[in-house]
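Here it is: the structure, laid out below.
Order of writing sets the labels: A, B, C and D. Residues in every chain begin at 1.
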Amino acid sequence: MVATELIVRDLAFGLMLGCVFSVVAHGLNMIWGVVKVVNIAHGEFIMLGAYGAYFLNLFAGLTPLETAPVDAAIGLLVGYAFYYAFLHRELRNKETITLQSEMVTLAATFGLSLFVSNLAIILFTGNPVGVNYNPGTLLFGYLHVPLAALYVAILSVLIIGGTWLFLERTFIGSAIRAYSQDVTATELVGANPAKVASLATGLGFAVTMAGGALLTVWIPVGINPLMGALYAPISFVIVVLGGPGKMWGSLVGGLTLGVVIDLAQAFTTAQIAYAAAFLILIPVLVFRPEGLLK
Amino acid sequence: MIEKPGLTLYGLFIVMALLAAAALLLGVAVSSLLVLLLVYAALAYSINFITGMIGYVDFGHVLFMAIGSYALAAMISYYGANPLLGVGLGALLGLVFALGIGLVILRFRGVYFAIATVVLVLAAYNIVLQFPQLGAGGEIIFNLTFQPLATYFTIWTIVLIEIVLTYYVNRSRIGFGIRAIKNEEDAASSVGVSPRTLKLTGYMLGGLFGGAAGAVYAWSISGVTAGPAFDFTFSLLMLAMIIIGGVGTSIGPLLGAIVVYIPSYFLLTTVAQAQPLIIGLLVIIMALFLPDGIVGLLRRSNERLRLLLE
Amino acid sequence: MPILQANNVSKNFGGVQALKDVSFDLPDSAVLGLIGPNGSGKSTLLNIIAGLEKPTSGIVKLDSKRIDNLRANRVVGYGVAKTHQIPKPFSNMTTRENVAVAVLYGRRNIHSPSLALQEAERTLSLVGMGSRKDAPAGSLTVQEKKRLELARAIATGASVLLLDEVFAGLSPDELKDSIQLFRKLHEELGFSALVVEHVMRAVLNLSHNVIVLEEGHVIATGSPDEVVHNDKVIEAYLGSKNSAA
Amino acid sequence: MQAKPRRLTTRTTAIIVVGIVVIVIASGGGAYYYINYVAPRSGCTIPSGRDAIKVGFTISLTGTFNVEGTKSLAGIRAAASWVNDNGGVTVNGKAYNIALCYYDDQSSSALIPTLYTKLITQDHAQFLLAPYSSLLTNAAAPLAEQNNLVMLSHGGSADSIWTLGYKNVFGVLSPASTYFNNAIDWIAANHPGDKLAFLYADDSFSKTAGIKASNYATRQHLTVVYNASYPATAQDLHTFLAEAQGDGADDLIGGGHYADGVKIVQQLSTVGWTPKFVSLLVAVTEPQFQLQLGTAANNVTGPSQWETTATYSPAAAQTAGIPWYGPNETQFVNYYSKQANAGSPTYHSGEAGAAILVLANAIEKANSVNSTTVRQTISSLHIMTFFGQFQVDSTGKQIGHSMVLVQWQSGGLVVVAPDAVASGTVKYPYTGS
């Protein structure tokens, strides 16, 4: 029943979907990996990024690809504000985040998620909207590849690679890496821990919101205030799969999820495919709590 | 041996007595409004056993509510059983699932546990849709003759049991062990506390009462549908209630349910989104500045209140 | 007849061998000092006895019953209690409640919280913390937190205490007090103790016998006097200092 | 927690207990007073001039169903103002206005019990309309039943609603199981060799419509080569569409709510499949569908409960031998356009407006506002409105009304089946974008 053509197609679409999942989760990964905080309101900032793409398209005619850098700039500022409002009190003067602080940040960002999503309903109404962006399709034999999805996939990989390069090759990057290993080590390399942590949070938000913009290519009429409730859990799964703090982990996790969903759909029902995609998390946590990536 | 109960318990009994009287005296109209309040309270107490007492943040508690809802709906629509039997089955299944799930995911600490609870809900939602026996689109609806007082007093009894149980667990030996785990799990095990057993106990109590409350909820709306049944809104409301009321305490969940539900009743029809907006804001403030919620605030404000409120 | 026995205990972490065939006997009511340079495996050995880690091979026996395959909380039930090197109080509970947890879960005979609290109060005055019984444990000083660790361990009713650096980080005066307190407690309660310590003076003062670990091996055993004059021990300590410098 | 430096005296205990009781009673009494006297911010708008009959309902003005909800509300208001402008509802020789009491339910079934209880107990609604969608109707129906109030369903089409023995719940619209019958009839008559693919969302309405349609197709001797449901949250439908194409399907039937329809048509082009015939639920009748998709919307068909171009008239009622009630097509559209946020009417507007007309007619015929009397009248009512016929079976399910099939043709929506009300013919095949 299942023809090779179908599997090739599912694989191709699964990989492209996986790329956009990766970039959507990548911001969460950066914050989680560096400041060790899981932002429960992650999905809401994806949503804001998506609305950014919608409004810039509506008023300025920008495509989602062009919106991404604008969203990222906004995200950087939002991330700074977020750090000082929510994390600074819990993180300053601490070597490692305590379990108690972890619970505080979980609860506080959970409150933020309720707040932002409902504010969005008031501001944007619950009416789902979308961005029309269709630069055409590319034909590889029998395989039609929508260019929009392809661009987004390439851009996603570039963003993830870019953050990796930034962390590996720049001074600020090495300060961030030092912070993620050991907070006091940050001071040894001559940087202020709070500044490093807030910058890392800002970068995380920048990527998150840019990811939200790129995601709009995949959800033609799916931008709505409650979309975060789906993409936050997907992001959690991806980061755990890849391993928090590992930049390429986002890509590994995202591609795994994308391919599992699309390939499993070829062999079984969509419901089972989705259930499986979420349930992978449990055995991974039991047997490889540090993530799939070494 | 258990100590003499304090005023907190009597206070809670008085509130419960008033709720019972309200339903009997003011009739059907009031009772059908208060049913939802009590369902919320029951859910808040149920998540209090795990998130409030043990400190493991459970974003997926709605899972047990859904299990209870489906148990009751299936019992009624396929076997024509008495709804009380459905509530019993819901509670039992909640307990059994909590046992199975807890054995695996209670090994994960902190945020990993929280995330595991989220993905379980999403997976369960898709699995339910896979079973045609649970209705097209996971929808089972049924029609029972009108039994407002039966529903009301079932959930009332459940809440009462939860209050007494919470109160005595907090005061008993188990309560000491549970608080030790919440503070320092490793240190607790090195003075002889078994975190595994106590965490599982808390989680199973949560599952049991979550299932029971979910069953009553399905009973009160005469059906269950997959989308709303697995809607995270309920999980979030439960969490918000105990965070606002005061985690781990025996007053907190009821207080939180009242604070969250009663204004919602008025706000819903004026500024629809204002209520979750305010709840979100309250949760942020409580989490960052008042970790023990309203009860903690009251206890800190006055020495006598500190002794009275548990 | 020793109360605690370790036979050929080994432990690997990945490729690293933290302990190699470590054996010792702890006689009843005795105090055994366990010393060695940093990273010599002292804490690992203590964790294995306390059930916090499983040995890769070897056997630990208490009263000739095997305890190496038990979970930490079960080991406490058998009568072995460990203090933490970095104190881990139950911060949001009072000092008295902290100790009461140990009473309720360490002993089989007390199930009532009110009795446990009374018992906890007694234990606290025993370690000289009676006046701090209602203070939240999170607000204690480091020295007080270390005393609390000791009080909790004693309150479990343990016959064997595993003390992980309870004397570290104290001023000379505090150290003197603590040593005196320990002596007093040991006389009154008659427990056996395995004392891991960096502060040589404390160990030599308290212990009946001392074992010295280096890189997971036992390199010397004997009375405190014998051990300090042992060439290998001197080399291990000085040598390790030389290589570190 | 256990710290008790001194015991409280009996007197202090008594004072505290009394204090608590007083506070609780005071706040309870205060709340009761507030609910009943201070805060009756009711959702009712009472038109001036005559006494009013209150009709209560919730409608989705925000959330998932907000497009459909807004259209329905405007339809309800249009029908109510037609009734009020044309003599009102006469009971025992006295004319009443129809007053609408409604709240926004945010498309959330969790809010339905609270809001309907409020409508019934505080606003004293005498008759009820159901909310939009089967999901919400299911949540609301028990409350109508419990309070013995008539409830007309205008947006809940799941057949399951009518299997529960509800005595007070009546459908105005055709049930989900019949949505695709027109499309399948047309294929069976014109292209019996086509192989069909069914792909629908897994919510209860779409799934019922999809499953019943595939059964119906089999009964019409058509070949079904693909039959699957997808999670309502799926971003990526490529896999399903490609599979359907791979199984050799010629025609595609299915969909879900509005967003699903747009998603399917967009992804058809990226999969590179151009089915010959496409029929999708709900989305197709929305003008936005065409705006969003442009030429790709051309020749897409969809079932509709009603279109402004469908021709039900007093004359048609006479031919059918049943009474006519309410505005004709033009009058309704006219009233509709005066409502706020109305846009142009869709079938959601039509079915919602018809619910008010059926209710008004039934109250007049019963000559009573007593719920039980009106209920009995509705069960035997057989009339025609601008929306088509109304007649229910013994369970309350609609059997008089019939669906139409619409198709986008060069930017306009044309009724193409059944022949009796059609204003054009089906264009075949679908041409893609």
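Please note the rule applied: a residue touches a chain if its C-beta (ideal position, glycine included) is under 8 Å from a C-beta of that chain, and two chains touch if they have at least 3 such contacts.
This structure is a prediction, so every number in the text was calculated from the model and none was measured.
Engineer: Relative to the centroid of every protein C-alpha atom displayed, which chain's own C-alpha centroid is closest?
Structural biologist: B
Engineer: If you average the Cα atoms per chain, which one ends up farthest from subunit D?
Structural biologist: Most remote chain from subunit D, centroid-wise, comes out as C.
Engineer: Any idea how many Å lie between the Cα centroids of subunit B and subunit C?
Structural biologist: Computed from C-alpha means, the inter-chain centre distance equals 42 Å.
Engineer: Any idea how many Å lie between the Cα centroids of subunit C and subunit D?
Structural biologist: 72
Engineer: Between subunit A and subunit D, what is the gap in Å from one C-alpha centre to the other?
Structural biologist: The computed centroid separation for subunit A versus subunit D comes out at 37 Å.
Engineer: Cα centroid separation between subunit A and subunit C, in whole Å?
Structural biologist: Centre-to-centre distance between subunit A and subunit C: 47 Å.
Engineer: Two or more other chains touching the same residue: where does that happen in subunit C?
Structural biologist: Counting only residues that touch two or more other chains, subunit C contributes 91, 97, 113-114.
Engineer: What are the residues of subunit D that contact at least two other chains?
Structural biologist: Subunit D, residues with two or more chain partners: 1-3, 62, 106, 202, 229, 231.
Engineer: Which residue numbers or ranges of subunit B touch two or more of the other chains?
Structural biologist: 3, 126, 129, 171, 273
Engineer: Help me check something: in the complex, which residues belonging to subunit B touch subunit C?
Structural biologist: 1-3, 171-173, 175-177, 179-180, 182-184, 186-196
Engineer: Given the complex with subunit D, which residues does subunit A contribute to the contact?
Structural biologist: 3, 5-6, 9-10, 13, 17, 121, 125-128, 130, 132, 134, 137, 139, 142, 144, 146, 149, 218-222, 224, 230, 261-262, 265-266, 269-271, 274
Engineer: Write out the stretch or stretches of subunit B touching subunit A in their complex.
Structural biologist: That would be residues 55, 57, 59, 104-105, 107-112, 114-116, 118-120, 122-124, 126-127, 129-130, 232, 236, 239-240, 243, 271, 273, 276-277, 279-288, 291 of subunit B.
Engineer: Okay, in this complex, where on subunit D does subunit A touch?
Structural biologist: Residues 62-64, 66-67, 106-107, 202, 228-231, 233-236, 238-240, 242-243, 246, 258-259, 262-263, 266, 269-272, 292 of subunit D touch subunit A in their complex.
Engineer: Residue numbers of subunit D touching subunit B in their complex, please.
Structural biologist: 1-4, 13, 16-17, 20-21, 24-25, 28, 31-32, 39, 41, 43, 62, 103-104, 106, 108-115, 117-118, 120-121, 135, 138-139, 141-143, 145-146, 158, 160-161, 164-166, 202-208, 211, 229, 231-232
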